[in-house]
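Structure below; questions to follow.
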Amino acid sequence: MGYSTDVVGAKSSSTNLLVRRIICYTVLTLFAIISLIPFFILIVNMTRQSNHIQKGFSPIPGTYLLKNFMTVIENGDWKMLRSLFNSLFISSFTALLSTYFSALTAYAIHVYDFKLRKPVFTFILMIMMIPAQVSALGFVRLVAKMELTNTFIPLIIPAIAAPSTFFFMKQYMDSALPLDIVEAARIDGSGEFRTFNSLIMPIMKPAIAVQAIFTFVSSWNNFFIPALILDMPTKRTLPIVIGIIRSADYAKFDMGAVYMAIGISILPVAIVYLILSKFIIRGIALGAVKG
Amino acid sequence: MLGYIQIGPEFVGLENFETLFAADSDLMKYFGNTFILWIMGFIPQIFFSLLFAAWFTDIRLKLKTGAYKVIFYLPNVIMAAAMGMLFFTIFSQSGPVNTIYMDITGAKAPYMFFEHEWSQRGVIALINFLMWYGNTTIMLMAAINGIDTSLYESAQIDGANPSQTFFKITLPLIRPILLYVLITSLIGGLQMYDVPKIITQDGQSVNRTSMTIVMFLQNHLYSKNYGMAGALSVILFVVATVLSILVFAMVKEREPKKKKAKKGGNK
Amino acid sequence: MNKIKRFLAGSLAVMMAASVMTACGKDEKKTTSGVDKDANAEAAKKGPIVLKKADRIKQTAEGSEDSKKTLRIYTWNEEFKDRFRAYYPEYDAANSTVGGDEFLKDGTKIVWVTTPTDDNAYQNKLDEDLKAQAASTEKIDIFLVEADYALKYVNGPYTQPVKELGVTDADLANMYEYTKTVCTDANGDLQGVSWQATPGLFAYRRDIAKKVLGTDDPVEVQKALADWTKFEDTAKKMKDAGYFMLSGYDDAYRTFSNNVKATWVNANYEIVIDDNLMNWVDQTKNFTDKGYNNGTSLWSDQWNADQGSAGKVFGFFYSTWGINFTLLKNAEDNEGAKDGLYGKYAVCEGPQNYYWGGTWICAADGTDNPELVGDIMKKLTCDATIAEKITDDTQDYTNNKTAMDKLAGDFASEFLGGQNHIALFAKSAPNIDISNMGPYDQGLNESFQGAMKDYFLGTVDKDTALENFYKSAIEKYPELKKPGK
């Protein structure tokens, strides 16, 4: 996958290229700075005392980093670490199931020609158009009736049916998965399920990584339904705990703790992203197609 | 919200729809607000995402992009509530933006960003943009990465300039993902509520000019006016469907060749 | 184009199914609890809305053995937990771990169900679970409510009157009257009790008072603020001296809204904006136009900053907790350092009596621990010794006249430069009259303040602002209407 084709452009275009690079880096750096401003404020505020934070922002860090950290970690009612673990568990499984089954569904629609293929595709897309808020309370009631309150099942299992993830997978297959590969595998005598797992999944890696991150993040930040389903201190997720810290009474209200909790909740997501972003690099899909 | 006992739904025919489409209804205004907020965030979002995705994957530029890819996506991991808090701080009366503004212009009074129609909308659009442009960039990048590099190599040999390569090769080949981006951001835009809800304190702020359709819907859910909320979601559903069909038709019809080629391989 | 046709056909099918469902789902206009529809129809159409206590629901299942040995308490933060752990004598601190298993001395297990208030999650959770209470074997025993929405639960079907729990009138005799009004239902039964009273005062900067009014003595300053006319005169003096009288638009709101002549809604379900609220609108507009306030909103960064050393604001309307915790924190330059404006504030009664805040304990109907719940109420809210101890330890003003009057005899707040503010609270609390409180207060007050802000800023005229208020109000309460409509 070497692209050592610079020779073609000759010398006149090499200055041209330099100018383009400078422009690119300038614009990219500008956007990087803008994107980092919220993190800068967040991190600085994690080190400041509540008293100062409430009165407005100052770029000078404070000395309360450790104190805020201990406030958040040591509070027995909040159970920050436990909720961190719960969130990791729920979000990881959600991302895993959602991407795998969406890819599987998309594969079925993409590869097999069956009678209801197009209506099914249309139907799944239309589910996306129903605002999520409408069904939220009904869902909570259903969960209560099924006696699944305080379990992670109602937060993980429904993620299998993720219309927008499915849609992405389908579109990605449209552009990056030629049917010849499947044909070739069939001729080689590979079973359908094996073809999917060992041949298609690797080709889909960039798409899966992308959707895994997005699903992970939206599950990680999900507040409303978990807040109504999980009420035991040992079952709560991070956004619920952050909500409780924000709901604190006048005596306990501590913006330093709020910012610290938000900071703690962002760190693992950033790490997950860094790990998964490795998959979104040029060449993986290409290599597979060529093979 | 008084009523928290529910005694069976009651059939009212189309009364809820009549109320929503009555002359004094603000439905169209809220659709307008939603649309404006969406356009303000979406146009720059799609523009910069395409630009950055093209740059990141340009084999001639060979930019060192690792850090940028990570940083651009990062704002998406902050939950909307926290994002709201941070932007209240940034744009507050004594916040950093106002400090800079007063230093530069010499103005004596701070500019009240959350108390003017367009500056408030601007902040909402900015937050939405920041939260989603990295996301879109990544998706487009993944799509571009799926393109066979030999196409670029031969284009280069043929002497195509970067914009020709982009419009003649990249754009047509990522059309399916572009369609995905357009449809999901359209639906996401129509269903926008969390950022404006936080920034406008439940939509009241500045003469209800940032009240979106789903915020309006949520107000009905809050008051347990489920019939009205249901009617609204039906309307929203219809609008989303119609707009999606338009987008589908627009993007799909330009690639008849590709479609046929695929059908051939499809037994 | 075939694809599009199919898409259309599919959408139509889904739409039709959806509209059939939604056509059935009329709002619960007819079933709103807490309001007596028939009585309102009959009543003089312009009188206040007639309230009615909803019928209680027959418990169809009994609590399990396990549930009888478990105390389930619904709350949204740690405030009540902290009080309960520290001051309920039966709490078994030795065998309990915070956040783990907690017990009473008789072995009863304590279960805290904590749901944040964000996105209305607490009330949603509470409503869902209270609705399931009758048929559930796991009974909720106690839930906590705030004043703003207390009447929703008090007149709803899910509370048990305190008299059935063994709390007698004699037990309640020492409570401030208004704290009982908040939780009294339409039949006159008390449905919830509070350990706090939250009378409000006006907290002002001593240094500014000295400079502008020539004295910082609370008695003298009170004379300059005794009614709204004098208040405005003082505001002008502040402005002339380069200060702001108030920080934001909403600062004075509660002093007006607590002193209305009629409830928000009349028997005809019309929203009636009380004259006193229009006085607030006019005064605030006037103050804003003349630059008597700093244009902030409650809890904003600038509002907090205005209370500290860098502030230029004369004073703030604050109740008990606000003065002892929020203002104190904001006055200091550094947390706990007692620097900055610490010791440089004082309080006086201000133009009108009002209260702000407070949390009430309600017994969930169907509780399988009624004696225990009654005992908790008695110990935490009626016991003068415990009340005095809470105030001594935490500075939180408690709901017990005897205890507070005793403390008021001899008290000096270091934060307020040695002033005895407990005496002022004790003097003000019995005068709070909230007989015109109604079930719509929280939602309508929020909508009103929100809508009027545009008018203060000059973004819209008064009529548009009022129109926006009605819109927001009717979205929240579909059964209400604009007057004359």
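Each chain gets a letter, A, B and C, in the order it is written, and its residues are counted from 1.
Everything below uses one rule, namely that a residue touches a chain if its C-beta (ideal position, glycine included) is under 8 Å from a C-beta of that chain, and two chains touch if they have at least 3 such contacts.
This one's a predicted model, so the numbers in the text were calculated from it and none came from an experiment.
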Going from chain B to chain C via touching chains takes a minimum number of steps equal to 1
Please indicate which chain is farthest from chain B, where distance is taken between mean Cα coordinates of the chains. C
Identify the chain pair joined by the greatest number of C-beta pairs in contact. A-B
Taking each chain's centre as the mean position of its Cα atoms, how many Å separate chain B from chain C? 37
What is the distance, in whole Å, between the centres of chain A and chain B, each centre taken as the mean of its C-alpha atoms? 17
Whole-Å distance, chain A centre to chain C centre, using C-alpha means? 38
Touching two or more other chains - residue numbers and ranges from chain B: 81, 89, 92, 94-95, 230, 233, 237, 241
Contacts with two or more other chains, residues of chain C listed in rising order: 3, 7, 11, 14, 118, 301-302, 305
Could you check chain A for residues that touch two or more other chains and list them? 55-57, 126, 137, 223
In their shared complex, chain A is touched by residues of chain B numbered 48, 52, 55, 57, 59-63, 65, 67-83, 85-87, 89-90, 92, 94-96, 130, 133-135, 138-139, 141-143, 145-149, 152-153, 156-157, 159, 162, 173-177, 179-180, 183-184, 187, 191, 193, 214, 217-218, 221, 229-230, 233, 236-237, 240-241, 244, 262, 265-267
The chain C residues in contact with chain A across the complex are 3, 6-7, 10-11, 14, 76-79, 81-82, 97-100, 112-119, 121-122, 124-125, 128, 132, 301-302, 304-305, 308, 310, 321-322, 325-326, 329-330, 332-335, 357, 394, 396
Listed in rising order, the residues of chain C that touch chain B in the complex are 3-4, 7-8, 11, 14-15, 18-19, 21-28, 30-35, 54, 118, 120, 123, 127, 130-131, 149, 152, 156-157, 295-296, 300-302, 305, 439-440, 443, 446-447, 450-451, 453-454, 457, 459-460, 464, 468, 471-472, 475-479
Per the touch rule above, chain A residues touching chain B in the complex are 1, 3, 5-6, 8-9, 17, 20-21, 24-25, 28, 31-32, 34-39, 41-42, 45, 55-57, 59, 113, 125-126, 128-134, 137, 164, 167-168, 171-172, 174-176, 178-180, 183, 206-207, 209-210, 213-214, 217, 220-221, 223, 239, 242, 258, 262, 265-266, 269-270, 273-274, 277, 280-286, 289
Under the touch definition given earlier, write down the residues of chain B that touch chain C in their complex. 1-7, 9-16, 26, 81, 88-89, 92-95, 112, 115-117, 201-202, 204-208, 216, 219-220, 222-228, 230-231, 233-234, 237-238, 241, 245, 248-249, 252
